[in-house]
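Next, two complexes with subunit A in common: one pairs it with subunit B, the other with subunit C.
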Partner chain A sequence: MSILLNEQSRIVIQGITGGEGSFHAREAVAFGSKVVAGVTPGKGGTDLDGIPIYNRVIDAVEKEGANASGIYVPASFAPDAILEALEAGIKLIVCMTEGIPALEMVKVKKALKGTGSCLIGPNCPGITTPGVGKIGFMPNFIHKKGNVGVISRSGTLTYEVINMLTNLGIGQSTSVGIGGDPIVGSSFVDILELFEADPETSLVAIIGEIGGNAEEEAAEFVKNKMSKPVVGFIAGQTAPPGKRMGHAGAIISGGKGTAAEKMKAWEDAGINVVVNPADIGKKVVSILNK
Partner chain B sequence: MNLNLPMVVRLQGTNVEEGRKLLEGSNLKFEVAEGLFEAAQKVVALL
Partner chain C sequence: MKIHEYQAKRIFVEYGIPIPDGDVASTPEEVREITSRIGKKVVIKAQIHAGGRGKGGGVKTANSPQEAEKVAREIIGMNLITHQTGPEGKRVKRVLVEEALDVEKELYLGIVIDRSRDQEQPVIMASEAGGMEIEEVASKSPEKIIKVGANPVVSFSSFQGRKLAYGLGMDKSIVSKASKIIEMLYRIFMEKDATLIEINPFVLTRGGDLLALDAKINFDDDGLYRHPEIRELRDLDEEEPLEIEASNTGVNYIKLDGNVGCMVNGAGLAMATMDLIKLAGGAPANFLDVGGGATAERIEKAFRILTSDKNVKAILVNIFGGILRCDRVASGVIEG
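This part shows the complex of A and B:
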């Protein structure tokens, strides 16, 4: 069974009546995802293409058996949306929203502890498991079912890599965008652990970027705990120190978190590092053909 | 739109076909690249 999303996943979309929520709910359905409900406070009793809409997540859980959630609400409401999903007992919560204040995420992380629920994001493109479904906004047409796991802090680079792999005839087991914020629900290590244990994954492609120490932690994990081959790319090789590069978390601070350091840490851990993102696909092919 | 600067377009994503048609019908002058690396090479060549 695939990681995170599987045949038993019943998805509720929080913010389903908004522009992003309704568009991506429809895209998810077109991809084959089991979207069983939507939630928008005040819009309970209506529906989107026959998908019932409720006022509260707990109603979607009790009436439709929802156990996974995709959150498409503005940043000022997103922390509460995550907490509501958590309190309703949702096991997989995926938050696409960008711009949640770090302090709010500290509170959310504290609330998540010990609950057994998994948060992906925020500020992420979500999860896609070809043949099962998706939560998030990765384009539908790029995926192909297969055995490469993809993990990334960057949205766009996630689908670049997926598209590249698919064009080379290589499918993916699951693709996960963990998000570009300084504080995210699940780290590289959390997802690497899942891929290492997943019988459907034979290789992992990981895309890191400057800032923070998620890549260094991933290096430690790959070195000590991972048996499967890993191909890696670090974005931001030309980024100047002190400048925030697109993502809130992508900043070289106090001289720490440069691409060069991270690439070195990955190489030392045995990760197959490529310098040019266009080479990720070719590298994966060369390792799979060994 | 008055476009004087040279531009390289590399378009991918949801509804990419519709997007390409809009660009083709825009009468704007730009170079189209398929991949990231090719796009970078085209930008460099234009400088």
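This part shows the complex of A and C:
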């Protein structure tokens, strides 16, 4: 078992004929993912290495049984692509696109409410379930099948942590990059809930960063609802206030959202916080061996 | 992206939000002319992006055109240091000259995107504690801040204006006027992709008028592609020269005070690398994310930016190849 992405997932790639879409569709296939269709309006009837391409998401659902989507379209078209997948009844929508205006995501989130569909991202590296497949662009070689769930707001820092775990012989159930934007489809809490319920996950590693209050909300959840051990790291301990550190969501504003506050909230909630990111792997090992 | 107070007030005027009579000037002579046109006591305000201008000596009053010119000579060209500019301060190029008002009450109005899970939408805030830093009000007396969430799918509804206006203790004779201003602020927020709008103070005069005495608008960088009129308001003099050069080459760079330069791919990893330098007893000279699609040329330029910072004594390169190809980084470093 795993969360979100499993043996039943049939993936459609929206924006499959673009440079990133085609490259990462092929990478996903090489990783073993069931990519059953692609969508690019105007390119319907063609194919990518035998993967049929349609004009509309609904065609991919009706003809190929697609139930999960990976979105690689430019920022100005991405909200529309998410809404199209939602309307077509896709239950897992993963949007990699960076640079979507925050107010567009506010509207998309209102549309998602009550539909039962799950959006991951935008501005995220995607989801990987080793042994099953991936949606997104985490490198193929770093993963190993196992029982640690990984959740993160960043991209490359997530690879670093997954790679660190794999090198120590520790596999992952599923790794989820929730994205670095102020408004994202799924929060830490949404994913923690899934890992807590997943029998194949025995520990969760969570990587937060400065800005917003997603870490504080995660602390509340871990404290009250979580029985599994959690190891955490927060990036941006040296970040100055008022500056956006790459991610639109990573900004300390009005003295709120500092790494120090978040680390304290996590410690108070019983999360095993490491100060040095290089210690995440060792911490996980020491808890698993207890 | 940030803009100046006078630019924000021009947007207010477009939307019918009342502001004091006044104009922007870049010479003392212009200040004198504007003051004589206004024909009464004026306030002269330095136009820089940082807050805390009053305490730093960047906001002064004058009773006559002659006095206004004299005050303007002191402010224009001064190096204004506030708690937000850092010790080096900011040079003042322009001032806003406005009529002084007979203020009865100083209030606060603001809009931000509330990121908490139960909101995830703009939230409009009002407080009777105007003129103070809102963060201070929030931590010392949070009951003084009234909030109302604004679902953009539903759009603005006038009860929201009433909730805030009555909450501020306003007389019923001015509630609808206040509500209209709040609605216009919300429209600016939505139509211009703002991330923050503040009127602090929002004043009630003894004559019963409501005006925006100050104005602050920050915009979502990700929304700028659809607002050319906002992009034009960018003032490059307010930004760090190396940061401008970096943004032109597609590199995400923020200058810091340390001496260890870093070049990293990915924002999270870049922050974690800075943290590692600090933990090892050093101090990072910058945040630098080369981005996912970096070419050898971009890496070379990023390297030039790092080496042109005189404080940099050593450079740490931390690249985790995923989308980014490590061979491109290597050749960029060698060429740089």
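Criterion: the second predicted complex is superposed on the first by the 290 of 290 C-alpha atoms of A that agree within 3 Å, B and C clash if a C-alpha of one lies under 4 Å from a C-alpha of the other, contacts with A are read in each partner's own complex, and residues count from 1 in each chain.
FYI, a residue touches a chain if its C-beta (ideal position, glycine included) is under 8 Å from a C-beta of that chain, and two chains touch if they have at least 3 such contacts.
Given the structure is predicted, the values throughout are model-derived calculations rather than measurements.
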item: First (subunit B), second (subunit C), both or neither touched by A:91; value: neither
item: Touching partner for A:223 - first (subunit B), second (subunit C), both, neither; value: neither
item: Contacts of A:277 with subunit B and subunit C, given as first, second, both or neither; value: both
item: First (subunit B), second (subunit C), both or neither touched by A:26; value: neither
item: Which of subunit B and subunit C A:237 touches, first, second, both or neither; value: second
item: Touched partner set for A:160, first subunit B, second subunit C, both or neither; value: both
item: Broader residue contact with subunit A after superposition on the shared chain, subunit B or subunit C; value: C
item: Partner chain(s) touched by A:145 [first = subunit B, second = subunit C, both, neither]; value: neither
item: Shared subunit A contacts, counted only where both subunit B and subunit C touch the same residue; value: 137, 139, 159-160, 163, 276-278
item: Touching residues on subunit C, where the partner in the complex is subunit A; value: 84, 113, 115-117, 120-122, 134-135, 138, 151-153, 190, 193, 195, 220-223, 225-226, 252, 254, 256, 264-272, 274-279, 283-284, 287, 289, 292, 320-323
item: Residue ranges of subunit A touching subunit B (in the complex, touch as defined); value: 27, 137, 139-140, 159-160, 163, 276-278
item: Subunit B residues within the subunit A interface of the complex; value: 12-14, 16, 35-37
item: Residues of subunit A defined as touching subunit C within the complex; value: 20, 75-76, 99-103, 106-107, 109-111, 125, 137-139, 152-160, 163, 180, 182-183, 187, 189, 207, 209-210, 212-214, 217, 233, 235-240, 242-250, 254-256, 259, 275-278
